[in-house]
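Contents: one structure, followed by commentary.
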Amino acid sequence: MQELVKKAKELIESKEVDLLIGYQSDGEKGAKPLFVKNTQQAEKLIFNQYCLNNLVTYLKRPDVKALKKVAVVAKGCDIRSFVMLLSENQVSRDAIFIIGMTCDHVVSPDGTGENEKCTTCKVHNPHLADVVLGAPVPEKIAKDKPVHYAQLEKLNAMSQEERWAFWQEELSRCIRCYACRQACPLCYCERCIVDFNTPQWIDTRSNPRGNFAWNIVRALHLAGRCINCGECERVCPANIPLMLLNQSLQEEAQEKFAWEAGYDPESQPPLTTFRKEDDEDFIR
Amino acid sequence: MARIGVFVCWCGSNIAETVEVSKVAEVSKSIPGVVYSVDYKYMCSDPGQELVKNAIKEYKLTGVVVASCSPRMHEKTFRKAALEAGLNPYMLEMANIREQCSWVHNNMDEGTQKSIDLVRMMVEKVKRNKPLDDISIPVTKKAMVIGGGVTGIQAALDIASGGIPVVLVEKESSIGGKMSALDETFPTLDCSQCILTPKMVEVAQHPLVQIISYAEIEKLEGFVGNFKATIRKKARYVDVDACTGCGTCWQKCPVKVDSEFEQGLGKRKAIFIPFPQAIPSRPRIDAENCLKLTKDRCGICEKVCPTKAIHYDDKDEFMEVEVGAIVVATGYKIMPVSAFPEYGGGQYPDVVTSLQFERMVCASGPTLGDLKRPSDGKLPETVVFVKCVGSRDPEHYHSYCSKICCMYVAKQTMLYRHKVHHGNCYVFYIDVRSNGKNYEEFVRRAQEQEGAQYIRGRVSSIYKDGDDMVVEGADTLTNSQIKVKCDLVVLATAMEAPDGIKQLAQKLGIGYDQHGFLTEAHPKLRPVETATAGIFLAGCALSPRDIPDSVSEGSAAAAKVLGLLSKDTLDKEGVVAIVNELTCVGCQNCIRVCPYNAIELKDICNRQGELQRQVAHVNPGLCTGCGTCTPSCPSRSIELQGFRDTELYAEINALAEL
Amino acid sequence: MKYGYYPGCSAKSTAPELDATTLALIDFLHLDIKELKDWVCCGASSMHSVDKVLHTALSVMTLDAANAEERDIMVQCPACLAHVLEAKEVLSKDSELKSDVLEAVGKQVDANMKIRHFSSILHDEYGLDKIREKVTNPLQSLSIASYYGCLIVRPPERMQYDDPENPMVMDQLMSTCGAEIVQWPFKTKCCGAGTAISDTDVSLDLTYEILRMAKNNGAECICVLCPLCQNNLDLRQKKIEQRYGEKLNLPVLYYTQLLGLAFGLDPIMLQLNRLFVDPFPLLKRKGIL
Amino acid sequence: MAEYYITQSKMTALLKELASDSGMEVFGPVKKGNDVFISKMDGKTELCLDYFISVNSIKEAIFPRFEPILKYKLRSEGVELAELPPIKPLVVFGGHPCDAASIPLMKDLFSWDYKDHFYLQRLEKVVIITLACVEKDENCFCTSLGGSPHGETGSDILLERVSKDGWQAKIVSEKGKKFIETHLDFFRDTITPEKGIPKLQDKDIPVMFQSDRVKKWIEKNFDHPLWEEVASNCWSCAACTYVCPTCHCFDITDDATMWEGVRTKNWDACTLPFFTKHASGHNPRSQSYERYRQRISHKYSYYIDLFNHVSCTGCGRCSRVCKAGVNILDIVKRIDEESKKGEK
Amino acid sequence: MSENWEPKIITFVCNWCTYAGADLAGTSRFKYASNIRIIKTPCSGRIDPMFIVSAFEKGADAVLISGCHPGDCHYNEGNYNARRKFTMMKRLLDTLGVDTRRVVFAWCSASEGIKFSRLVNEVTESIKKLGPYTDYHSLNQEER
C-alpha cells in the first residue's frame, strides 16, 4: 500500500494529475471509490481483494473528461475496459495515467470467496499501464485460449421455453434504475437510446415489455465490447444475472469472430468490421 | 398537422382485379391525418398525375401516398408531379400494391386487407418524413470503358466523339477482343479483320481516347459523377513509350509457346504481340515462359532491342483515374472442349471449338487459311458441327441459349464448303434460331445451296476409331440412332461470363446473375444501365450477343454516358446520413462501418478554439444513403434521412393490431 | 476399415473366379473384410420392374445384415452395389416407399454404413502406394484396356464411383501393377448383357464393338470388374470371332485376377484356367508367368 | 382491548389465501439470491419470513413503478376514452416502521396542490402490516429522524415478535382493526411470549445528527465544496431513489400505436442525468454531485419548507444499495459536523 | 388460437436485392401467402436488430429479414456488417428464450423472385404451425 500512496502523492504533488481515482476502505470487508485531489486524501488509498469497483467507469464522465490529466487505479480487468474506451475514441491516452495493480483475484460481490470473473482472467498483470504496482501474479490462462463461462451452461441446457420463463421472472424485478448502465464503463452515450423518444424504441416503463427491450438493447450495445468486469450485475439492486447475457455474447464473439474485447487498442470492435467469410449458417 | 392525400391506382385491372380499390381509398380516409383519398384507373397517366397535383394544391396536402405499382417503376414519376405541384418530392411515398400485392395474391379480401395495411404504413411514414433537398455534386467530365473488344471500342469512340475524354482499359495486351480472331462474319461474309481494324486504328488515334492495355481494375471508389478508379497496369517488361514495335525481339526470341490468340493451334514467342494488327503494337513478355524471368538465362530481347525498351525488373503499376461514368464491356469467353468429357474431354485434337475453327480457316491463321486438321494436318473431308454444346442444357451446363451459334455454324459450314468443295458437313442441332436481318436467308443458303446437312438431335458421344472421329447421336426426325464418321468435329461451345467477372462486379458494386453475366437495371427499359448510377453495360458482358447487337449497345451506353456528363453538376438524392452533433460521442462506429469512407471525425471547439470533443461528420457528396451507419450508432445520433428511425418505426407501429 | 463382403449371386454361381480372387486378395493384403453371414440376392436384373417394395426390401435385408455385424459394406458386383445404394437412399428420408419397405422387412433398419466397391476400397482406402509395395511380379509391358461397363458409374449421383465419362480407378490400379494402360473411348459403353438371352444379336453387336475398339487401341487383354461384362466379353468372344470373321483373342480378366498376378499369387488359385479366352500364352509371352 | 397473535404459518396461509383471491393485491417479502424483495404475490409465491430488511421499500405497492392514468382508442368517429383498470384493495406485509413512516410523508405530497387520486385511492384501500425491527445494521438511523424500531406511524397493524414463530399483532388503525376482525380465524391463537426473543429498543439505534442543524447548513451552503467531495463517486443511477420509501418523483409518458394509446405515470429520479436536461441541451444539474446534492437538499431542507418534515425515514436502503459507496448517513453526519463547526 | 387466425409476418428487406426480388416475384406472378408486410430499407445494413423487438412488440408472429447475398451488396459491404449484427442478435434472442424459429434471416437477390415467393410461403407455413406468438405479445400488459 505504501507504494500506491507514495505514487499517488507524487502524482498529486507534482501536479502531474488533477485527480486520482482509487479505492478507500469501506468497513472491514469492503472498499469504495475515492477521489483524491490532495495528498491528505491520498493517505486513505488502499488496494486489496475487496476493490471490486471498475474505476475506469468514472473516466466517461464529462467532469472527469474535462480535467487535463487523471490518474486511475485499475486492475487488469478494468484496464480491458480502458482499452475499449481508447479504441472507441472516448479517452485520450495522454490524458490518463494508469496505475495498474497486479491482482490475484477479488472477492465475489457477496464478499465470500473468489469472484467468478477472476477464474477466466487473463490479465492478472495489467497489460496497459503507466506504472504497475504489486508483485507479478502468474497468469493461469493463455491469451489465445478461448474463454468459456461455466455459469452459462445451465442456461444453455434449458429449453427455449424454460429460458423465456427464467428471464421473464428475473426481469420482472427490474426497476429500470439504470444502475447497470451507469456503472458500466462502456455505456458512455451522451443520450442513451432509452432516453430517445423519436421513436421510443424502448418502453421507459418498468413493465415486462420495457424491461425486456431494455435488457436486449443494453446487451446488444455491449455485444463484442463487454470485457466481463461484472459491474452491471454487481450493482443491480434487483440481483438480475445480467452477466449471463453479456457472457453469452462474449462467447458468440469468440466463436464467430475470434474476438475478445479489451486487449488490443488498435483492433476494431467486431460489430464495426467484418470478414467476408464470416459464418452465416443461420441465414437462408 | 399532417394533411395526407391517398391515391389508389387500379392499374387497369392489374390491381383492381385482386384489390377492392374503392374500399382501400374509403378506408384510408379513416387513417388519422388523411384528408383526401381517391381511386383512379391509371394514376400514372397524365390525368392521374393531374389528379394528384390538383389535390396537393386544393387540399394543401403535406404528404402524399400513391398506392400503385413498385416505387422502382413510378416513384420518380409521382415525385416529379408532386414537385410540380409545389410539394417536396420526398413527402411522397408509394405503397406497392401491385408487384407485392395484387400480382402475388389471388384472394380479393386478402389483397384488399393487405393493401389497406400497406397504405397505412406509408401514411404513417410520410407523416414523419421531412422535406429533403437534392444535393448538387460536381461531375468529372471523363469516362472509363472497361474492355477493348468491338463493344468497348464503339463505346469509347462514341463518347470521345461527343467531346468527353475516355480511358479505355483492356485486359490483354491489345484491344480488338474476340472479333479480331474471327474469319468472316455472318450474314454478309465480310472479313472480320477488315471491318474491325479500321475501328481499332480510329480509336487508338482519337485524341480524346487513352488506351491502357494489359491492365485491370484494382479498385473503384466514389459514386456517380465522381468515381476514382485504381487501375493495375500489369508488368509488361516492355517500355511501351520507348518501344517502336519493330519486331526484332519477337523474331529473335527462342521460346515458343501455344498462342492464346490462335486458340492453341499456333505458336507465339515469349515476347510477343498477340496478332499482327495488335494495338498498341507493342509486345509484352510472358513472364511464365520467358527464360530470363524464369531461369535468368537468355536475355536476347534486351540485347537486340534497338531502343532499350526491355526492362526485366518491371513491376505492376497502379494508376488512379477520376471519371464521371463507366461502361463495362467485358465480353465473354467460350467453354473449352475440355469441359466436355463425353465429347472426348479435350483428349482428341480433332475435336475443336468453333473459335478454333475460325482460326483454322482464317487466312491470317496458323495455317494461313489452309484447312488442316490439328492431329495430322489432313484435309478434313467430312466435318461434323455440334450445336448447343454447354448451352440449353440446364442439367449439366448452362440453361441459356448462346444466341450466336446457329448463325456462325451456318457461316462455318459455308466457309468449310468454300475451302473443300467436295467435303461433307453435318450439323447436329436442337433448333435453328435465325432471327435477325437476313439471318434466316443465310441459314437457308447454307442448307440449300451450300450443302450443309442438318441433323436434328443431340450428340451422345464422340470418340476416335482408327483415323476417324466417330460422332454418335440421335436423329429425332427419323427417330433413329446415328453414327457419323468424320475427320473433324467442331463444337459450338457455350458463351460464358469471362473469368474474374464476379470479382470485377463486386469491385464495381454492380449485380450479376447466376451465370455470372452482369445485370441490367431493367431488362427492357434500362437495358444498358446497372443499378449503380453512373455505371453502364454493353455487349456480351450482359449475356450472349452478336456483333451488331454488341455494337449497338456500345453506342447506347455511350449515349447514356454523354447524357450524364453533359451537365456540370449532378443532382443527387437527398437520402444521405446526418449527424446529431449534440448527442454524438464520436465513438467511430459509423466511421468504421461506412462502406464509402463518407464519415470522418470533426472537432467541436469552444469559443476559445479549445477542443471540446469529437463528433462524426458526414460528407453528403460521398454518402450513398445505405444507412449502415444508423444501426451501428448506439445513441441514434446518426440518421439516414428518408429512412430515419422514426419513419421506419412508424411503419412497424402502423401494423399494431386495432 | 471394417467391411462386410457382399459377393452377390453371380460371384457365387457364374463367376466363382471373382469370388475366389476377392477372398485371395483379402487374405493376401490382410484386410478386415469378412463375408456377411446373412446377405441376400439383390434381385437384379428383373425384380425392380416387378415389385419396387420387395425389390428394395431385399437390399434392405442386406443392409440389416451389415448392421448386425457392425460392418460397412464392400460390394463386388455393380448391380448389387447400385441396389444397396438405392436402398440406403430410400432409408435416408421418410417416404411411403420407406415405410412399406420397413413393413415388409418387419423391422427398423438404419442405413448409416458406408457402401463401397472393392476396387474403390483398394484404390483409395488401402491406397496405391501400399499396393505398389506389394507388387512382386509387375505386369510389365502388358497393355490392358480397363472396361468398367455401364453400371458402375451410372447414375453418377448415386454411384459416386469416379468420373462417369472416363473412370480411372482400374487404370490406376493396373498401372500401379506395372501394366501399360490403354486410353480408349468405350470404357463405360454398354455390353448388352441384359439382352444377351432375349436378343443375342444386339448383345453380340455391342460386345464386338467393344472388343474391336479395345484391340484397335492396342489392348492385349481386357480388365473388368462386372461379372456380367466378363461373361459377355469372354464367353461370347469365340462366337463373335466367327460371326464377324475377325480374330480377336483378347483375354478378359477380372482386375482381382490381374492384381493377384502382380502380387505373385498362384495362377490356378486365381482360376485363370477357368477363362474361355486362354490368357496363358499372352502372359507367358510377356514373361508374367 | 383484546390481544391478537398470529403465527408465521398462519400469516403465510393468510397472505396466500388473499393473494389467490383475484379481488385483492398482496405484497410480501420474497427471497431472491441473498436478498429479500417486497413483491407482488400470487397464490404460489413462496414467502420469506426470515430476513433483516428488504432491498426495496413498500413504496411500490402503493405508488407503482408505472401506472396507467389515461387510456384512449381512436375511432373513425373520434377519440374514445377507455376504462382504466380498477384500483384494487391491497395488503402490504413485510415492511418495517421506517417503511410505514413514509406513508404520512407521501400522503402530504400527493394531496398537496394537486390531489393525486391514484395514490390516495390506493392509500384508502391498503392495509399495511408492519414488522417491528429485531435487527439493525450500521446504515439504520431512524431514531435520528424521530422514528423508532417499533414505531407505529403509517402502519395499520404492527407485528411484534414474541416467539420464534409468532407475533403479537397491534392494531394501529381502524383499517387494521377491520382487517383483523375480518380474518379473525388467523389471529385467534394465543402465543406465550418466549424468552430470548430479541427486541430492538430506541436506544439501540443512537441518534447521530440533528436534522434542523443539517437543514440550516444546507440552506446556506449550496456551493460548498463538501458536496463534490462526498458525492463525486455517485455515478448517477436511480437505485437509491427507487428503493427509497419517500422518493416520489415521476414522469408522464405516452405510448401509442395507431389506434390506441395510454398515458402512464412512471417513476423517475433526480439522480438520473436526464432528469433536468432541457430541450435546448442545457442541463442545470449536469454533474453527478449536483444531482446528489439535490436529493439530499430536497429531503433535508426543501421538503421541510413545504411539509414541515424531513423526507427521509432513516431506513438506510439507499446506502445499502449503492455500490459506488455513496452513504447518506455519512454525508448527513458530515453536514451536521460542518454545521456544528459553523455554530461555534 | 382463433379459427381464422393468420400469422402476421413483418418483413424487412433491402431495396436493391430483396425488394427487387419481391418485385420480380410480382412481375412473374409467383403467388405467395399474403401474411407478410414489407418494410423497405435501402440496405440490409440499415436493418436494425431492434426492428425485430419492435415488430414483436407490435404483434408480429414472425420477422423475416432479407438482403443481398454476400458480395452482391449494392453498397458493397452493408450486408456483411448486417450479418454480424444479426449473428449477435440471434444469439442474444436465443439466450433470452425468444423463439428464434420466428426470426428468419435470408439472402434473396433481385433475380430470385421464385426464392422470395417460396421463402414467404415456407415461413408462413411454419409460423402457422407454431401459432401466434402469445408469449411475446403477453409482455404488452399495461398494468403491473
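Residue numbering begins at 1 within each chain, and the chains themselves are lettered A, B, C, D and E in the order written.
Here is the rule we use: contacts are C-beta pairs under 8 Å (C-beta built on N, C-alpha and C of every residue); 3 or more make two chains touch, one makes a residue touch a chain.
No experiment lies behind these values; they were computed from the predicted model shown.
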(request) State which chains count as neighbours of subunit C and simultaneously of subunit D. (result) B
(message) Going by the touch criterion stated earlier, list every chain that contacts subunit D and also contacts subunit E.
(response) A, B
(request) Just grab the chain with the largest centre-to-centre distance to subunit D, centres being mean Cα coordinates. (result) C
(message) Can you tell me which chain is nearest the middle of the complex, judged by mean CA position?
(response) E
(message) Counting C-beta pairs in contact, which chain pair has more, A-D or B-C?
(response) A-D
(message) Between subunit A and subunit B, what distance separates the C-alpha centroids? Give it in angstrom.
(response) 51
(request) Compute the distance, rounded to whole Å, between the mean C-alpha positions of subunit A and subunit E. (result) 34
(message) How many angstrom lie between the centres of subunit B and subunit D, each centre taken as the mean Cα position?
(response) 71
(request) Any chance you could list the residues of subunit D touching two or more other chains? (result) 65-66, 257, 264
(request) Any chance you could list the residues of subunit B touching two or more other chains? (result) 582, 593, 632, 645, 649, 653, 656-657
(request) Please give all chain pairs that are in touch with each other. (result) A-B, A-D, A-E, B-C, B-D, B-E, D-E
(request) Name, in rising order, each residue of subunit B that touches subunit C in their complex. (result) 341-342, 344-345, 347, 461, 463-466
(message) With touch defined as at the start, can you tell me which subunit E residues reach subunit A in the complex?
(response) 49-50, 53-54, 57, 70-71, 77, 80-81, 83-100, 104-107, 119, 135, 138-142, 144
(message) Under the stated contact criterion, what part of subunit E meets subunit B in this complex?
(response) 8, 10, 16-17, 19-20, 22-23, 25-27, 29-32, 34, 37-43, 45-51, 54-55, 58-60, 71-78, 81-82, 85, 109-111, 117
(message) Quick check on the complex: what are the subunit B residues that touch subunit A?
(response) 582-589, 592-593, 601, 614, 632, 634-637, 645-646, 649-650, 653
(request) Note which residues of subunit B are touching subunit D in the complex, please. (result) 30-32, 120, 124, 582, 653-654, 656-658
